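Pasting the structures in now, so scroll down.
After this come two complexes, each holding chain A, first together with chain B and then together with chain C.
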Partner chain A sequence: MNLEKENKFAKQINETFHSAVVKVQRERRIIVELRSDLIPPFLSFAKEYLSFIHMAHYSCVDWLEENKFELVFMLWSYEEDVMLIVKTKIDREKPEFVTIKHLWPQAETYEREIHEMYGVDFKGNDRLGEFILEDWDDLPPMRRDFDTVKYAGEHYFTRPGREDAQDVRETIARHSGEEIPDFAKKYSIRRDEE
Partner chain B sequence: MREKETTLYLGPQHPGVTGNMMVKLKVAGDTVVKAETHVGYLHRAFEKLMEVRSWMQCFPIVCRICVPEPDPNEENLARAVEEIEGREVPERAKYIRVMVLELARMASILLWMGGQSGSAGLYTMPQWSVGDRDYILDLFEELTGGRVYHMYIWPGGVRRDLPEGFEDRVLKTLDYLESRLPDYDHLMFENAIFQKRAKGVGVIPKEKALEWGVVGPPLRGCGIKHDVRIDEPYEVYDKLDFIVPTYEGGDVWARAMVRRQEFEQSISIIRQVIEKMPKGDYYNKVPNPFNWIVPPGEAYVKTESVRGEFGYYVVSDGSLKPRRIHVRGAAYVHGVSLLEKILVGANIADVSFIMNSLGVCPPEIER
Partner chain C sequence: MINDKYANKIVDIIQNFARKSSLWVVAYGTGCGAIEIPPTMTSRYDAERFGIRGSATPRQADVLLITGYLSTKTLKRVIRTYEQMQDPKYVIGFGSCTINGGMYWDSYNTIKALDQYLPVDVFINGCMPRPEAVISGFIKLQELIKEGKANGAQKYKENLEWYRENQRKVIKNWKMPDYNW
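Up next, the complex of A and B:
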């Protein structure tokens, strides 16, 4: 495996951003961990000087145990065919970050979703608000402490069967006049009445 | 005098998309002044559900993220898990995966042909192309048991080997579909009305395409040659010989021509796959799915789907369940930020037409 260009990028990043923790994950993948306040200048640097022009993905991971949210940016360089995965951790109690839509306009959509699903507030993004969910006033649902089963139990009910529901076996027996064998009676839905 | 602006709610059911999605249009006369995508009709919380499922239980969920082309989802998730685990995949399984992906691409292009010409008012084409797509679904049914959702690709390989004589049936179907191409050309691609509707409509500026995150046929329709199968070859695409078609213009017509040529390339790829496919195992067994622990780690993998780059970001914390699976569909960018930009100035009658040419697939946006 030839990691020449990946190591070259890692060196360039380390020279400019001394606090960055750079790891070459494998061929074509570099992972960079950075302080959250350095992310906007770093992304700008990666886009303008290191040819990472394509923002492929923008994700958020909830690390409930550490009380942190991790924002993850995937940038792709079409010139070198390398992906840069930039990660930063932000406080989970009062999650705030700045928008990067001035660098990539499609980031606005990702920020709207992360805001809705995790509750991260993006300064400078004026379209935060209702995106996928409608009239949602509960905890942001993608947080790990949001309990889907509990929510479903509180808001939905198990529908009872229809009143005119008929047991297939019984109906056939009634029409044909045949007796239901004993071993099959336990499967009948009306067994309590008999 | 300034023309009065009217708000028009296009959707959620309309001919431009596979699924439900609404576009809120501000129109002056019949020209769009402002467009806003409104999604939420197909949100099924797949990503949240997967966080409380075992790894194997995620596979029947992910394929439902895209109806026209579900296989890149399975392939991506399988490859991401394999990357985190370091699991080897037999060579034969890789060839079978490429065959399935390319068949899905062809089926999806046939469905697009129907949608694209249908939204222009050419209703014969959907009858033909959707009918022909069923021959591919027949092959899927024989191979996987399912026509639309396959759940066939999983970590370690594929679920079962090819049935006896399957290759011959694939080749015969390919011959038939290839013989239909001149008919499609006469009806759709050489049709003067279709050309007139498609040329110069929904133009993506070439100099902005890369920065705006445009991928797949819309990007190649701007004359920019990028394809995940070439940029970062996965499975066995580096052993296959194919070209990446591009077309200048950035309009609906250019995207149509790119897809038309990709259809031929897929036929050629599947023929090569069948010729080169080695004998041997098709599956490296994974542990008991109920006790299957994937070691801590993360992976971002991507596939070239028919709509463009399809990516999966998978994080494992070393437990029985995934920590996070985040899906990147091409429509996430094409259907929201890109669509809102290129609809401005378009005619109302062209809105569905433009959406179809971008391949907007709402389940990818909301998941």
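Up next, the complex of A and C:
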């Protein structure tokens, strides 16, 4: 595996941003973890100096246990065919970040989605209104503490299943003599045995 | 005007025959099920031999085909589409999602039982139903029309309050026009 260009990028990043944790995951994948206040200078550095001109994706991960949101940027370099994944963690209680739409205009749409689904507030983005959901007044739905089954049960009519509905897994396992793993057993309770 | 009950019966038979033989489906696809409509309509399955064909606007259509899951946002549009359609009009619920939510049973944003919000004449189950199943659903609808039993629109008018109440539960910001049919 030839990691020459990846290591070259990692060295360049480390020279400029000393606090960045750079990991070359494999060919064409570099992961950088960084403090959140260094993200705008880092992204413009990656765009202007390291040829990562394409922002391919921008997303958010909810780390409920750590009480953090993680913002993930994926940048692509057409010159070197390398993907740079930039990660940063922000506070979950009062999630705030700055907009990066001056670097990539398409970031505005990603920010609107993250705002709607996770409730992250992007300073400088003035279009953080209603995006995909209409009239949503509950917790942002992609947060892990939002209970979607409970919400669906409270807000929508649900039709009960058939009495004779059975999981076919039990029947197949009985014929072929294979073991059902423990985690799957709760889904395959046979009603006639209860 | 002849006001004889046998004459009316004959008129009904002719009327139902005409209605069942030309079902125009409004070209409105919700969810993923709309992908089964092109093969149903085109040469392999050729739904037009049963008089089923697409129509451009809801005002010209007879059948509203709900193809798959309905988010609450789409439900608003579907209700408006349905209320703009002129009599006779029928609704076909297509796929598991319209029956019990299907694979979206725990989704925060899709309705689970379509018949709580709109009067459904025929359900076609499956995820997705094949074009054969779609055509068989249409034939079932034609049979109901022939017998004069496909009276979903009548049901909707009579129980409008009940349907409205259910619709308002999921559509929080209600800004819908009132039609006087």
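Methods note: the second predicted complex is superposed on the first by the 158 of 194 C-alpha atoms of A that agree within 3 Å, B and C clash if a C-alpha of one lies under 4 Å from a C-alpha of the other, contacts with A are read in each partner's own complex, and residues count from 1 in each chain.
Assume contacts are C-beta pairs under 8 Å (C-beta built on N, C-alpha and C of every residue); 3 or more make two chains touch, one makes a residue touch a chain.
This is a predicted model, so every value here is computed, not measured.
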item	value
Which superposed partner A:Thr148 touches (first chain B, second chain C, both, neither)	both
Partner chain in contact with A:Lys89 - chain B first, chain C second, else both or neither	neither
Contacts of A:Arg169 with chain B and chain C, given as first, second, both or neither	neither
Touched partner set for A:Phe157, first chain B, second chain C, both or neither	second
Chain B versus chain C as contact partner of A:Pro105, first or second or both or neither	first
First, second, both or neither for A:Lys5, with chain B first and chain C second	neither
Touching partner for A:Arg29 - first (chain B), second (chain C), both, neither	first
Partner chain in contact with A:Asp137 - chain B first, chain C second, else both or neither	second
Residue contacts with chain A in the superposition, chain B compared against chain C	B
Partner chain(s) touched by A:Tyr78 [first = chain B, second = chain C, both, neither]	first
On chain A, the residue positions that both chain B and chain C contact, one per complex	132-134, 141, 146, 148
Chain A contact footprint on chain B (complex, rising order)	39-40, 43, 45, 47-49, 51-52, 83, 210-213, 226, 231-232, 298, 300, 302, 309, 311, 313, 315, 323-324, 326, 328, 332-333, 336-338, 341, 365-366
Contacting residues of chain A [partner chain C, same complex]	132-135, 137-138, 141, 146, 148-149, 151-152, 155-159, 161
For the chain C and chain A complex, residues of the former touching the latter	72-73, 76, 99-101, 105-113, 116, 166, 169-173
Residues of chain A that touch chain B when the two form their complex	26, 28-29, 53-57, 59, 61-62, 72, 74, 78, 81, 83, 85, 104-106, 108-110, 131-134, 141-142, 144, 146, 148
